[in-house]
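Quick one: the structure is below, questions incoming.
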Amino acid sequence: MSTLSTQPPAPPRRTANRGISDLALRNLFIIPTVAFLIVFNIFPLIYSLGYSFTDFAANQNRPWQFVGIQNYRELLADEQIWTNFVITAKYVIVSVAGQMLVGFGLAMLLNRAFAFKGLVTTLLMLPMMMSAAVVGLFWQLLYSPSWGPINYIVGLGDFGLLSDADTALYAVAITDIWMWSPFVMLLSLAGLSAVPKHLYEAAAIDRASGWYTFTRITLPLVSPLLLIALIFRTMEAFKTFDLAYVLSVQPTTELISIKLYRLAFQQWDTGRSCALAYIVLIMVLAITNIYVKYLNKVKER
Amino acid sequence: MAMVRPARHAAFNRAAISAVLVLTVVFLSPIYWIVSTSFKARAVATSVPPTVIFKPEVTPYIKLFTKRVQLTTDVNKETYDAAPWWEKLVYDGGERILKVGDSPQLSPYPSRFENSLIIAITSTVLAVGLGTFTAYGFSRFKMKGEDDMLFFILSTRMLPPVVVAIPMFLMYRAVGLTDTHIGLIIMYVAFNLSFSVWLMKGFMDEIPKEYEEAALVDGYTRLQAFFKIVLPEAATGIAATAVFCFITAWNEYAFALMLTSRNAQTAPPFIPAQVGSGLIDWTTIAAGSVLFLLPVALFTFLLRNHLLRGVTFGAIRK
Amino acid sequence: MLRRHFLFTTAGAALALSGAFTAPVSAADQELNIFWAEWDPANYLQELVNDFTKESGIKVTVSTTPWSDFQTKTFAELNAKGDSYDLIVGDSQWLGVGSEQGHWVDLTDFFTKHDLKNKFLPATISGYAEYPAGSNKFWAIPLEGDVNGWAYRKDWFEDPKEMTAFKAKYGYDLGVPKDQKQLRDIAEFFNRPDQKRYGVALYTDNSYDAMAMGVEQTIFTSGGSLGDYASYKVDGVVNSKESVAGLQAYHDLFKFTPPGWNKAFFAENNQAITEGLAAMSMNFFAFFPALANPKTNPHAAATGFFANPPGVGGAKFAALGGQGVSVVSYSKKQDLAMKFLEWFVKDETQKKWANLGGYTCSKAVLTSPEFLKATPYNQAFYDSMSIVRDFWATPEYAELLDQLNKRIYPFVISDKGTAQEVLDSVVKDWTATFNKYNRYKK
């Protein structure tokens, strides 16, 4: 890895011209991306922000009116929305915790040399390579108490894990865990393989216990990566739509993004849906901000 | 992890590997179900109780590539006997293939697949390329408000797609980007760019500054140093980023559905739509999913070694 | 106008990026695009229009999207005044939005010119073409007639042992149910979870109109109503004694459905028959071809069909499905589209349409003996088609549907609340919605 440090290949002749200045280069490298993101992410966002203060309905030709913060006020006072948030919170906690546990567990087990390790790792990643809509559709088949295999294997009889109002959310979370644990596994594995071997050797010489080695060496060194996995998975779980929408139509699995979709595209209440979208965005931003602050702290250690 | 006594260690290793293999089987069983469904007859796919052992057939794959309709009664014997083998298989399943004149009508699957390839590959190249430049910019040059800038970039990934869907749709309509390849490519670049910047930034931070400084002393320009020294060093990170971006772009569903209709529609909205008259055709959906999984699985497998080393996000200090 | 201005600023910025790539696609001038949902009738239509192409040289493509996204995609397109599609085969409930928002081209003159009022079955005219009801204004040509009917297991019904047991238990002969009460009894009779056999398969999917169709049908047959579509009166109508009894009946029938039956629509209900799960299954006739073919339904020979039986009070109704084809007002090829419609309403075309498997609404074809005998379910289809009744077709139907779904689903599936409470809440929601749209101001 470090062969290049002293001997760059074929150095060109020294000239007075140092190329473009560092500042210009920095701008050249950064500005296109930022501009691109502003045009394609921030413009629509401002647009939605504008709508969120109106009673605009995208399916009507009637003129829209400015309604101030009425959309926000009514949404925040609506019990139904809070139910949706509670469902979403439950879902995010169960599903992300499951993914972290399964993913990190798999990585711990995988973190040793054996034949076909690359193949096994790739195979384990297959679930996350599929489209959420297809995964949702097939898990619906798998969960069916009549023609799905899960009930026959697990021995649930006629009990529909996905169709029972109380367990449906967990059924959706299980599917999400199946699909995204490999992501956590991959990140953890990268972290684990980067832990310097000499630290373990030193621990072995000191006759440190397995638990001690794990909590004092492995975990601290892997934790930044685990946090990044946590950030991305939390964000994505909060936004889960395709998977849950294809799997279940129960009121007990109506995640906030499903509510949002219904408001925007079934009731065509564009103004209010934009307001709700903003509430969701602010929540995700807040959560992520906390994570990122914590991540920076962990990295500084 | 305990390396106390070698003998115990070896036993522990063996147990861990067996556990991995068992878990792999558990993890793969849903995928096995999809693959096996793609070789089942339509009725076998939803039998009560489920069928595990069956005679495999390729009918679903033939159905995937053709336009068909349900038959209410069997076709007459002459028509059946005159049909080629693949058409017979479809007849056996109780359907007939639509014809224009004498040639069978193809389903949109091949063209959707092609669109998916064009759009996913182009958008991945762009997202990773832009992301690499930007990450280098952030990694090497100090800047006021750098952390805020990075957080802003990350935050663009937090938008629930529904927030931007309506404005995006109106905007695309106004500039004529709906149902174009370039329209979806832009969408996916916008979607993947934040991830790409974050991943690559971590990786750039890992590459020691001394490498470039040495090159600069030797007369390279900054730009030359970037291309000749930094990029090769970052290859692993680039590969890992590319895999993630490709997976996301390859499978995106909601925007593909909203923003495209004919010319540029990708495969994900098409695959789950295989319903015959009144029965979801699980077998054809499965066939479509299996073929659609192949390119991305292959891509990941080829880059597997980079993937492990690449995804460190600069989180691990040397 | 602020909105428009904003749009163009944004547009300008993006245009610079994209200008090079959006070269106009020519050679598409002689091409029509029809949009429909992904199902067999759309394939039949594609096959049918190939003839039109042969005659006229105009290429016609039928584009499809899954049912679950059909509504969203259509309205996203229409609201943006898009011209991707020249004709759309739209749901009956869309007439209000389509006409009031100016999405559909007014076809009233076309109707008069071709005397279509006498050509198509009256129920299909009011269901798929006319809006508002009784106004003599037409926005679509009835294309695919459809209605809710029932499939049942003849072999179970005709099993002598079952017949004796049934007679002993209920005091009358087991057979095709003559009213809703008998339907319930039979469902109860055949519901035997220990044998993996269940009474009845119902619609329960609430993501669009599936469950509402099932529920409205029992509400109508018990003499209830979803409101007065002309005066928007709902209080005392939607929550009337009869309507409550209707909803209660659906709720009671749900007890006899197979396990996990809470996101069921046409596919699941057909599977209930093909997999031998249920004695009776509710479904739209468009989905019955799969049940008539032994290759797709092992019990095809033993599967019978009947029209929705009347309520105990004698009210005869069936929920309307099906679609009419409308010309999109933003299409730049309206003249071609009209040419196509002229061809489509011809008698030969309608006949060919029926032969291919489409459900024509043409009176002449529907009453012909060859049509009635062509399949085991065509007679039941014709019977049902004369007793159809539909959901609201006002522009705000989507909100009404969503509000109804939200209220009835927990009651039917999870036994939350009572039928009276549910319908009282629906009345409250709907009244609020109608007020929002100023429906009561005269």
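Every chain is named by a letter (A, B and C) in the order it is written, and numbering of its residues begins at 1.
Simple rule for what comes next: a residue touches a chain if its C-beta (ideal position, glycine included) is under 8 Å from a C-beta of that chain, and two chains touch if they have at least 3 such contacts.
What you see is a predicted model; the values in this text were computed from it and never measured.
Chemist: Using the stated contact rule, I'd like to know whether A-B or B-C comes out ahead in C-beta pair count.
Modeler: Per the contact counts, A-B leads.
Chemist: Relative to chain A, which chain's C-alpha centre is the most remote?
Modeler: If we average the C-alpha coordinates per chain, C ends up farthest from chain A.
Chemist: So the centre of each chain is just the mean of its C-alpha atoms; given that, what is the distance between chain A and chain C in Å?
Modeler: 38
Chemist: I'd like to verify one number: the distance from the centre of chain A to the centre of chain B, where each centre is the average of its C-alpha atoms, in whole angstrom.
Modeler: 16
Chemist: Take the average of all CA coordinates in chain B, do the same for chain C, and state the distance between these two points in whole angstrom.
Modeler: Centres of chain B and chain C (C-alpha means) sit 35 Å apart.
Chemist: Where in chain C do residues touch two or more other chains at once?
Modeler: Within chain C, the residues that touch at least two other chains are 10, 14, 17, 72, 76, 196, 271, 275, 277.
Chemist: Give me the residue numbers in chain B that touch at least two other chains, ranges are fine.
Modeler: In chain B, 46-48, 170-171, 186, 269, 272 touch at least two other chains.
Chemist: Which positions in chain A touch two or more other chains at once?
Modeler: If we look for residues of chain A contacting two or more partner chains, we find 43, 47, 58, 146-147, 265.
Chemist: Using the touch definition from the top, list the residues of chain B that touch chain C in their complex.
Modeler: 42-43, 46-48, 67-74, 92-94, 98, 100, 105, 169-171, 173-183, 186, 257-258, 261-263, 269, 272-280
Chemist: Which residues of chain B touch chain A in the complex?
Modeler: Residues 1-4, 13, 16-17, 19-21, 23-24, 27-28, 30-31, 33-34, 37, 45-50, 52, 130-131, 133-134, 136-138, 140-141, 143, 147, 149, 151-168, 170-171, 186-187, 189-190, 193-195, 197, 208, 210-211, 214-215, 218-224, 228-229, 232-233, 247, 250-254, 268-269, 271-272, 282, 285-286, 289, 292-293, 296-297, 300-301, 304-305, 307-313, 315-317 of chain B touch chain A in their complex.
Chemist: If we count contacts the way the header does, which residues on chain A are in touch with chain C in the complex?
Modeler: On the chain A side, the touching residues are 39, 43, 47, 50, 58-61, 64, 140, 143-147, 158-160, 162-163, 165, 245, 248-251, 262, 265-269.
Chemist: Provide the residue numbers of chain C that touch chain A in the complex, in ascending order.
Modeler: 3, 6, 10, 13-14, 17, 71-72, 75-76, 78-79, 97, 101-102, 193, 196, 205-207, 258-263, 271, 275, 277, 395, 398-399, 401-402, 406, 409-410, 413-414
Chemist: Flag every residue of chain A that touches chain B in the complex, lowest number first.
Modeler: The touching residues are 1, 4-6, 8-9, 11-15, 17-20, 22-23, 25-30, 32-34, 36-37, 40-45, 47-48, 51, 58, 106, 108-110, 112, 114, 118-134, 137-139, 141-142, 146-149, 152, 178, 182, 186-187, 189-191, 193-195, 200-201, 203-204, 207, 209-210, 213-214, 218, 221, 224-225, 227-228, 232, 235, 238-239, 241-242, 246, 257, 260-261, 264-265, 270, 273-274, 277-278, 280-281, 284-285, 288-289, 292, 296, 299.
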